[in-house]
Amino acid sequence: MTSLPWTAQLIHLSAAVLLLSSFAMLSQRRILSLVNLYRLQGVVLTVSTLVVAYTSGQNHLYVSAALSLVLKVIMLPWILGYLIRRLNVRWDTEPLLNIPATMLVGILLVVFAFALSQPITRLSTSVASSTLGIAMAVVLLSFLMMITRRKAISQVIGFLAMENGLFFAAMSATHGMPMIVELGVALDVLVGTLILGVFFFQIREQFDSLDLQHLEKLKEE
Amino acid sequence: MIVTSLGVVLAVVLAWLAIGLAGLLAPRSLAWVGHTLFPLGAALGLVLAVFAILALFAVPEARVLPLGLPDLPMHVRLDPLAACFLALIGLTVSGVSLYAAGYFRPGEGAAPGLMCLQYHVFLSSMAMVVLADDAFTFMVAWETMALSSYFLVTTQHRVSEIRSAGFLYLLLAHIGAISLLLCFGVLQGGSWQFTFDAMRVATLSPAWASAAFALALFGFGAKAGLVPMHVWLPEAHPAAPSPVSALMSGVMLKTAVYGFLRVSLDLLPHTQWQWGAVVLVLGGFTGLFGAIFAAVQTDMKRLLAYSSIENIGIIFSGLGLALLYRGMGMASLSALALAASLYHCLNHAQFKSLLFLATGSVLHATGQRNLGKLGGLIHRMPWVAGLALLGTLAMAGLPPLNGFISEWLLLQTFLFSPTLPHNLANMLVPLGAAAFALTFALAAYVLVKFYGVIFLGRSRETSLAQAHDAGWLERIGMGWLAVLCVALGLFPVFVLHALDQVNQSLLGATLGDQVTSWWAVVPFAADRASYSPLVFGAGIAVCVMLTFALVHRLYHGRVRRSDPWDCGFPDQTARMQDTAEGFGQPIRHIFGPFFRIRRLVPTPFDLAPKYNLELADRWWDWLYTPIVRAVEKGAHWVSFLQQGRISLYLVYSFATLLILLAFVL
Amino acid sequence: MTVRFPLLALAQALLAIGLAPMLVGWVDQCRAWLQNRSGAGLLQPYRTLRKLFHKDAVVALGASPLFRASPYIQLGAMALAAAIIPIFGSQPLLAASADTIALVGLFAVARVFTALAGMDIGTAFGTLGARREMLIGFLSEPALLMVFFTASLISHSTLLSTIVATLAHRELAIYPSLAFAGVAFAMVLLAENARVPIDNPSTHLELTMIHEAMVLEYSARHLALIEWASALKLLNFAAIGLALFVPWGLPSPGSGVLAVLAGTAISLLKLGLVGAVLALIETLSAKLRIFRAPEFLATAFLLAVLGLLVHQLLGS
Amino acid sequence: MELWLLLAIPLLGCLTLAAFGARSWAPDANVGFSTATFLASAALTRRVIIEGPLLLGNEQFFVDPFNVFLVALTAFVGWTTAMFSRPYMRIEETHGRVNRQRLRLYHSMYQLFMATMLLALLTNNLGLLWVAMEAATLSTVLLVSLYRTAASIEAAWKYFILCGVGIAQALFGTILLYLAAEKVLGEGGSTALLWTHLNAVKGQLEPGVLSVAFVFLLVGYGTKVGLAPLHNWLPDAHAEGPTPISAVLSGLLLNVALYAVVRCKVLVEGATHSGLAGHLMMGFGLLSVLLAAFFLWRQRDIKRLFGYSSIEHMGIVTFAFGMGGPVANFAALLHMTVHSLTKSAIFFAVGHACQKAGTQVMDDIRGLLVVSPTIGWGLMFGTLAILGMPPFGVFTSEFLIVTTAMREQPWATPILLLALAIAFAAIFRRVQSMVFGETTLKPLPHSPALVPVFAHLGLVLMLGVYIPPALATWYRLAAAMIG
């Protein structure tokens, strides 16, 4: 791999970190550290975006880098932290699927994602093209995390992590989407998080807990 | 524009709609709705009949209406087949509408205006069904017919039985309609033309043609009440107000026959004789089934409903013969069978409507539908009794009335089938004839029970003493139908001459030269079979008169009145008469396997002995209950998908995603 | 086919009507002889009729016009039948106006009116009789039709006169289907005419009677008409049976007056024979329980259908 | 010009009502804004009729036969729903289920929802389409939980999470699409997500990528369409939200999501000539129809019932689009139109019926016809229309779809037959016993708004017997374009 330029190596590194972090999220049960992992992902995204912007010389990528810095490193983690403190939910209860099993499934998912991304990667000319598989893996892993978690808030973190994966995919495979789309997505994510915040309070005041098992009343009997 | 029959017919249809809407102007006024609008509708019915009969002998005419889908405007066409059924509709409706005009009583059921709307929409939709010349128009008219009649059935919607009856009716009608949709989907044969003309020329492989035929048989059979799709009929017909029952039984079922004819003889040019065999078996069984069940009923309208099933069975076995012969290329026999079936449609429309109207009057006068609580009404309501007697004799297939003619023609068709190329068919025809004869004999049994228990004997309830005869409008309405029964019976030659036009247009064959003699029906050669109702009727009349004259001439006419003797049994009560159940007993005894019987017989030591008997239709256990159970089971299983756990839902979409990805990979 | 001797045909019909009671008398006489009694003689039925005609009619209070009209209709129908069936000559008066099916219809008319009249008063026995009569009717009528079908399949015609003509003047051939039909017809005849083993004309034992139960309320001339009608019915059935199964001796359509007279004589002889056989059957067999009657008739029906199938299978 | 108005008015309405939504005149303002929106859409439609398809705002927006009628429909239903919600929400307020603050949220979010719908329909940019869809979810999620009951919050949460996750998949699909497009339309070209451009070059797009992309898009937008087995949010959201919201969810949101799917299908089919997309859609459609039919059987809550019926009808439409061909597409477009009209009308009637009865449990609603004939007949005819009874328009489209299926996909017809029959039985037996029979209901504090119900039914009736030429030509052109 030494033949690769340092930029590409940097991208690969960040991709690896991203993947690692999402595995960590899978296994992590302490919610605050979930938030920290999320912040870490934000940092990684920012860095890699900068790198790609530098190499490809597309200026709007700098903007999206800034966006992700503001949004994913500063704002969202802060909001989440605030919520956690206010609602004081520090620990997630035992996930539906025990950690090792989850890990196993996760690994299978990674393999699957790589296999799937094979034909697509050939297509991409971007320096970071080969990381598309990782991006997809991150998406699937966060999906898995959302499935296995029992607390509303950790589910939401999974949701945000999935969005990270998408962002990384866009950035790595295609040098980011058109600016207007980037902005729209960012806005949606922000608003979404805010609304979720509102929700937590609603759920809390209804069920005085953020445990998802209270939200299983509506069903066909 | 020049006035054509089609133009007039369409005008009548529109006028009916207009009348219906006019009913909403003064929904509660009997004078307006009852004594103005309905007689108007009856008159229009007569107009319709006249022009339809004219159209029978004219060349078919078609027209395109400025409505419908962009690629598929509404086509209408008036050809002999359509004209024949329009005539049926017109003749019957003119009687029933007159009756209905007098039928309304203040403060009963829904507002007359509303009923007027539904009733006339029903009429015009039936006419449109017959006129339609493309699948879309046909289906619209068909479903509108079902819908309007549904609302008429559920007029008394506060009664839960009536609600469930209406539901069952609409459900089966809708299922039938869907299968008709599929049938037309096959018939249009890949040319995205839904006009009947396009379907006639569309080329179908035999397999596809058979599929279309099967779908049509199912769809129209569900409407006509072929066993086992008959279950709605004995529920819905009694539930409806009597004029509506009369229309549904007398006319609406015939539109199903019409549709079946249109598809099987017109749109599917290449008949396969197996189709005929299937229809023959189905029809024969239906006829027998209906007659047997009619014989054990205790509710007069249910009894008539079952007898409608029986008659539909007879008609369909006739159609089955027509298809069978046509499939074997015996055009003239096929023509005879078709003419016989059509004739029976016509007859059944008249006498069945007549009898339903009679039950309506009885219901009004006594408030009773249960045969066990009626009796002796011939003294209280002589008009209804007299007219009903005519209808009864006609339906029992007694010469010289109309019921006998169609029976006679059908038997001739059975009888003169030559040795057929297929042994199965060879066996089927005589067996069909046997079933047919049995059915007709049973019909006589049923009708003696019907008439005898309602009108003859002594009143089983004291309340019947207040029973009053029908009003004059009702009498005229029923009288018109009775007159038709007699006329159709006495002048079959002209009717057959008219029906021959249908044969000509559908089968390209006619009955042959028998129409030469105006006084006798001769289906084949004069030395093979002939029947002349005029001479026959005259013969009976003369003989009766003569006997009467002679007896009173040679002897005396002295009469003494006294109590009935009855083997000297002293104190007779009305309760000692044979009941409807009693009449059913031998039939239950002979045809036991047909019924599910729950009987409660008292022991000899009962101080207050009670006898209770419930008869049920086995088809519910055999077919419908299992289906419902299956659906409920399926619904139960499916409901496991919606367990309320969000992670489960996420798993669904996750799994879907992965599976699809693996699929495209 | 034109009626060559309308007057003669009319005379034959009237003769049949006139002789009908004597046939009943003859049957009773034979039965009396078979039971070692000396019978009342051939003319006894006529005496009874005369007596009845002279009496005052007693009509029950609840009776409707239907009740009083019914006897006339019954006799009228039977008389018409007598004018359709080739009893003495193969060319009856109204041959062309009605074929076998119409004939069955005619009998049905009579039956239905009898039954309705039986229900009219509203007595226990009347309604019971009506029900039983219709029960027998709805089984015997199709059987009779099937018998006719078998015959008309052979002769390719449903016109009785044509059937007779073909059957009578064919070279002798064995028709197994006709054998079935013959047995079936015999059973139908017994049932339709209320003879033993289905019914017993001379009983008034309430629970067993069928035909008598319906006419319990009738008296005087009405009763007379009914008696006469049933006698005529018996004659008609006998004639039909003869025409279908032993048609020989009936004059052919073209033949002259003498031949017709000769045919009449032969037919009378054959009728007498039938009467004797009937008496024999009635003496030898015991009456069935009413519940067995349907089985008896169902057998007849099945036999007739079998005959039909046999004909279809073996062809003709 | 009309276009900007069309997008600006609801946004303005959103802001204004967010500011003054608590005032007593807020409902009327809501109606006013919706009316203006409808007028703008009418103007746009007129212009399209005159000038034909438009491409505006440096190609970011375009109006073609496929979306113009959807725009008009959306604006119209939005308008009538606003009219309906005016008395409805007043009654809710009198019943004390909502307060002024909530009404403020309700009104502003309602306008925002309309804006996002219209944006999603009008934009030419698949990325913006995604953004708008997500925004639509966000704007309605708080409306679903408007009543703050446990059930409504749960429903809203599920709605949010499931649709959010789904829509995320759609974003991934969009990215892949972009990736494939870049190869053809050049690096970082901002035109690479413009549908018109993609459609022009769809033949050259990389099939492998597009089929993967379509899977993500289908799962993503399909979740919002409510295709089984991704449908689970739908009945809850329909049942627990305020009835006007149920009406617009069923009548509009599902349509728009399906619109997105079909747009993508056009591209994918153009690239991969394998019919893969079509078969996937047919499969999903049939599965949805069948499952929905069985779900319908056991329903006890009336709004859930009609939620499932929406799933069923979306299934039918998806199946028809999957079959493709001029007739099926025509029928599918027609079915989208009549379904949203009919279903919203039904929800209007149902809303008032539930208010009368004070419950959504069907067994407790009886004899509507007796206590208020208009609501009763409205519900009855709406139901008959949605069940495909002529002369209503739903029958027309089902007629075309079923007949086509019989020729094109005979194997599917037994399933359709079964499902339609079960659905009919399941829905009609309930509605019949609600409309008919003796009553147990009480009168309402404010007079119900039933003009919308009968306006919708009238339109549906018209479409059953007569389709205006302009509409017909749009349908035909769109059908041809969808292929």
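Lettered A, B, C and D in written order, each chain numbered from 1.
Note that in this section a residue touches a chain if its C-beta (ideal position, glycine included) is under 8 Å from a C-beta of that chain, and two chains touch if they have at least 3 such contacts.
Keep in mind that this is a model prediction, so the values were computed, not measured.
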{"item": "Shortest walk length in steps over touching chains, subunit C through to subunit D", "value": "2"}
{"item": "Partner chains shared by subunit B and subunit D (touch criterion as defined above)", "value": "A"}
{"item": "Chain of greatest Cα-centre distance to subunit B", "value": "A"}
{"item": "CA centroid of subunit A to CA centroid of subunit D, Å", "value": "31"}
{"item": "Centroid distance [mean C-alpha coordinates] between subunit C and subunit A, Å", "value": "101"}
{"item": "Distance from the mean Cα position of subunit B to that of subunit A, given in whole angstrom", "value": "70"}
{"item": "Rounded Å distance between subunit B and subunit C, as computed from the means of their C-alpha atoms", "value": "36"}
{"item": "Subunit B, residues touching no fewer than two other chains", "value": "638-639, 641-642, 646, 650, 657, 661"}
{"item": "Residues of subunit D whose C-beta touches two or more other chains", "value": "157-158, 161, 165, 212, 295, 298"}
{"item": "Per-residue multi-chain contacts in subunit C, two or more chains", "value": "none"}
{"item": "Listing of all chain pairs that touch each other, if any do", "value": "A-B, A-D, B-C, B-D"}
{"item": "Complex interface listing, subunit A residues touching subunit D", "value": "56, 58, 116, 119-120, 123-124, 136, 139, 143, 146, 152, 155, 159, 162-163, 166, 169-170, 173-175, 177-181, 184-185, 187-188, 191-192, 195-196, 198-199, 202-203, 206-207, 214-218, 220"}
{"item": "Residues of subunit D that touch subunit A when the two form their complex", "value": "60, 125, 127-128, 130-131, 134-135, 138, 141-142, 145, 148-151, 153-158, 160-161, 164-165, 168, 171-172, 174-176, 178-180, 182-183, 187-188, 190, 192-193, 206, 208-209, 212, 236, 239-240, 295, 298"}
{"item": "Residue ranges of subunit B touching subunit A (in the complex, touch as defined)", "value": "638-647, 650-651, 654, 657-658, 661-662, 665"}
{"item": "Touching residues (chain side subunit A, partner subunit B) in the complex", "value": "96, 112, 115-116, 143-144, 146-150, 155, 212, 215-221"}
{"item": "Residue ranges of subunit C in contact with subunit B within the complex", "value": "1, 53-54, 56-62, 64, 66, 72-73, 75-77, 79-80, 83, 94, 96-99, 101-102, 105-106, 108-109, 111-112, 115-116, 119-128, 130-132, 134-135, 137-139, 141-142, 145-146, 149, 152-153, 156-159, 162, 204, 206, 216-217, 221, 225, 291, 294, 298, 301, 305, 308-309, 312-313, 315"}
